[in-house]
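Each structure below appears as structure tokens.
Next come two complexes, and both contain chain A; in the first it sits with chain B, in the second with chain C.
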Partner chain A sequence: MPLSIQVEHVAKRYGATTVLDDVSLTVASGQMIGLVGANGTGKTTLLRLVAGLARPTRGSISLGGQNLADDWAVLPVSVGVLFEPPGLLPNLTGLDNLLMLAAVRGQLKSAAVRGWMEKVGLDPLSRRRVGHYSQGMKKRLGLAQALMESPDVLLLDEPTNGLDPDGVAQLATWLAEAQRGGAAIILAGHDLAQMSRICGEVWRMTDGRLVPADISLVVPGQAEEGGGSSVDRGNQGHEGCVT
Partner chain B sequence: MIRGGFGTSLRLVLGGWRWFPLLAVVAGNAAAGLINVGPLRLHGGANAWDPLVFGGITVQTFALLTAPAFLIGTSRDMNRSWEHLLCLRLRNRRSWWGTDILGLGAAAGLYGLAIGAGTFGLGLAELPFAFTWSALAQSRLAVGSTRLLVTLHSTPPWTVSLEMLGLLALGLWLLAVLARAATLLMKSQWSALALIWVVVLGQYVLVQMGLASIFPWGPGDQFVYLTHFATDGGGIPFSWTVEYGLALTLVGAVVGMAIAQRREWPI
Partner chain C sequence: MTGRMVGLDWRRALHGMGVWVSLALVVAIMALSFAQYGAEKVLMGPHPAAYFNAYQAMLSGLGASPNALLYLMVPVLAVLPNGDSLAVDRATGADAHFLVRAGWPGYLWGRLVGNSTAAAATMFTGLILSSVLGAALYPVALPPYLGSQGPVAYTHQGVYGREYQPFVWPSLFWHAPVLYVLLAMGVVVLATAVIAGIATLAAVWVRRRLVVLVIAIAVFLAGDVILQLVGWPAWIPSEMVGGYLVNYTHLPVTIAVYWIVPAGALIAVMWWRIRIRDWPYRREWH
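On to the complex of A and B.
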């Protein structure tokens, strides 16, 4: 069942440090939004809160009507996540990592898991352990584990880090497929140009607050080419929407 | 989903390099069984049960080999980032913790069975098989205790062996659950494992120094079957140890559950 994400007046504090302050956000089923911002502005924290991996100090988060505060021990249904680092077991092969995770829900057959390995450009027959993977390979494997069970909610932190331009283009294709399937998607990253190229809507995190990003600051043509520079200026209160 | 989570938890504590500690424990206990029974064989009348019952599972092998190898072999860093991927798929922190505790129990049972099979198998290769106790076992020479002699006369060897291995598995499960719960608090699995092993080792050292009465209820040597019967003194009753082991395992699991269901990632 397609799920929407509703974040209402959420704050998160660690001791005296306020990481998020009165953040509200709605992501409908089939919608993909991007979050940009400098390190430490709260992007990853917001994704972890939406995934149910951390508890907000104030406010509420609902996924498909399930309020995460109702029973903190219960995690939201059907969420795929990718954080930095991807968190895979270094002493196992990539395929073994995916098979062990897929075995929990039992939705995917072994052949489907191998298919995902191939889809992200990794050899399912390789005996190479994840600890010996390059950063890009780890990222691809992390994306495979996030996407392979077709989750209703996708939360990807820095999904393009370590990917080559072809990988970024493939990622955009996989995300578009997930979006067509009804997934609600949030991406977080630093690069406004790249994010605006992939997402329909981009927001900026600044000092724990969420404001619409001004994508008019992206140099014309940069968005289409996926240029690598990020824009750090301005919170113009101007919603960017690239379709 | 719980079954899938249990299977994944079991693979996490038994897969890959984790077979090496198990093999070391099986080989060590089997060798200890033959070595300890060896001198007694000179008096004649030994059979395949003797290495398992009298030689293999001792306070020495438990404290110095079996317990630390099991703790290391089944170690799992509950604080690492892979765990949240597993927890999200289980959709519940309670299931995440519960499947791990059950996985540890299954692993402890497997260790018990493997130790029993290895020690009995090696005994079988060296000594004749019989359905009854050997003449050696029925003499005070091997037994050294009227209490154990009475037990042996009234119980078949396979029953005593199963009780022995079951008690061992319970002890290992208890230690691993306590270590796991400590891992949640200490944020380092190795510190938690070391803490639990130091407790077992400390109790062993006290027993060797003749100071067992200082720490008789510790979660260590009472899980070695012979300690309940090998002396005629008023030691801890076997049934008490079983109840204590189950109760303390439950306490460790419940405390761990209380911590686990408040778990946030990253730590």
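On to the complex of A and C.
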């Protein structure tokens, strides 16, 4: 299975602050892993580095076999990202936000973009500006931004924040679809139980370092909290998640 | 990819109100200037130089008078169309979506060129509309040429009842007034583009729209201060149409201060940002 994401001995420092310290990680095509950790442990920084939004102080990151330290104009593989906040333009409608992004790569036609609006439960005909969206609607639109072009690499930071239980279940389904399509996926969040339900391989970020998370610590039944049975239904569709 | 991002920037500008507000302001400011110009005609009464025409009306509004409101408003008019788009992207986190799709060079060059051209196009459109208004209000003809006084005599006479300095290339004004006015408009449009670019550049460090605007105004006025410190006061766009510029030797300095230095700094900083492919540090990232 080809390695889509390869992170080798990466460190990131901002002045005297070490955010990441000797982090190594590989994610193959069709694999999904989770990162958990408290605030400020470096999860978002790691995702930003993998997305090419920042440069590591040390170490190397490769996407699709190409080192991001090399000169590049456009990322070697298509990447979809979701950060917190989701990165929406508040004075545009939801559909205009998606159309604007889709126009950059020029892969998706307008009808497909409208389809994604409906898929995430938003009305493509609504003239409501994103600035007036609820938190959950923003998150759904943010997920559409990340997922709509079926990217080779998906990097989602706290994707379940603000989502209702049905939304979490739908997210699991969409991620399973992306996984089956060969996407390499990294999810970051705080909730070990939820993360272990969505993806079998979970790592913990602690003080800028990456260690395997002990899923056995998850109290049986905790996994159902908040998500309920709908989450389990969502998981049934992506047994390949557990690597 | 840069071209695609420029197109997107224009599309985004047209989605917002800024373009239309800026356009309306340009026309309103020029209309106000025309009204002042007309009032001057009444005040001056019979006077050999009191031949008012559409060309001089336009030049007065464009900055031939040191107190031209349009000149003072250039930073606001430049930032309004889309000059703050990079700041908005960075404040909302939308930059990440664009960067993973367009890459750093495509995104940053696209923003810089897109914002600058959107602002310039808005200003140009406003000035063209204003010139139509000016042509409707005043005669589109120059006064008769009097060889004994020379062509400069007419262009010396003040717009608001006082004399102002000779125009640069006064003979051009007399032989090709339309071209002369277009050149003067070009200077204002160029100033608008550079200031919009500076606002875009400021957004690399700041993410508040108001701060971006304040920086643009500060840089704009700093140009004047620098010129006055070295003894060559020249206001944009007066270096072309009169103002304080009294001879050609000052023109290279003016051009260097207003165009080459800011444009060079813009390109250098953007190029460096693209090389390092990283934003200045934000604490909340980790």
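In this section, the second predicted complex is superposed on the first by the 215 of 243 C-alpha atoms of A that agree within 3 Å, B and C clash if a C-alpha of one lies under 4 Å from a C-alpha of the other, contacts with A are read in each partner's own complex, and residues count from 1 in each chain.
Please note the rule applied: a residue touches a chain if its C-beta (ideal position, glycine included) is under 8 Å from a C-beta of that chain, and two chains touch if they have at least 3 such contacts.
Quick caveat, the model's predicted, so the values are computed rather than measured.
Chemist: Both complexes share chain A, so when I overlay them there, do chain B and chain C fit or clash?
Modeler: In the arrangement built by aligning on chain A, the partners chain C and chain B clash.
Chemist: Would you check which partner chain A:Met100 touches, where first means chain B only, second means chain C only, and both and neither mean what they say?
Modeler: It touches chain B and chain C both.
Chemist: For A:Gly40, is the partner it touches chain B (first), chain C (second), both, or none of the two (neither)?
Modeler: Second partner only.
Chemist: Which partner does A:Gly59 contact after superposing on A: first (chain B), second (chain C), both, neither?
Modeler: Neither chain B nor chain C is touched by A:Gly59.
Chemist: In this superposition, which partner touches a larger number of chain A residues, chain B or chain C?
Modeler: C
Chemist: In the overlay, answer first, second, both or neither for which of chain B and chain C A:Gly189 touches.
Modeler: neither
Chemist: Applying the touch criterion given at the start, work out whether A:Val74 contacts chain B, chain C, both or neither, answering first, second, both or neither.
Modeler: Touch partners of A:Val74: chain B and chain C.
Chemist: Go through the superposed model and pick first if A:Gly162 touches only chain B, second if only chain C, both, or neither.
Modeler: neither
Chemist: With the two structures laid over each other on chain A, which partner does A:Gly15 touch: chain B (first), chain C (second), both, or neither?
Modeler: A:Gly15 sits against chain C, while chain B stays out of touch.
Chemist: After overlaying the two complexes on chain A, where does the chain B footprint on chain A coincide with the chain C footprint?
Modeler: On chain A, the overlap between the chain B and chain C contacts is residues 48, 51-55, 72-75, 79, 81, 83, 85-89, 91-92, 100-101, 103-106, 145.
Chemist: Can you tell me which positions in chain C touch chain A when the two form their complex?
Modeler: So the residues of chain C in touch with chain A come to 1, 4-5, 7-8, 11-12, 15-16, 88-89, 92-106, 276-279, 281, 285-286.
Chemist: Over in the complex, which chain A residues touch chain B? Could you list them?
Modeler: 48, 51-55, 72-77, 79, 81, 83, 85-89, 91-92, 100-101, 103-106, 145, 149
Chemist: Under the touch definition given earlier, write down the residues of chain A that touch chain C in their complex.
Modeler: 12, 14-15, 19-20, 40-45, 48, 51-55, 72-75, 78-81, 83-92, 96, 100-101, 103-106, 145
Chemist: Can you name the residues of chain B that touch chain A in the complex?
Modeler: Checking each residue of chain B against chain A gives 1, 3-5, 7-8, 11-12, 15-17, 80-82, 84-94, 261-262, 264-266.
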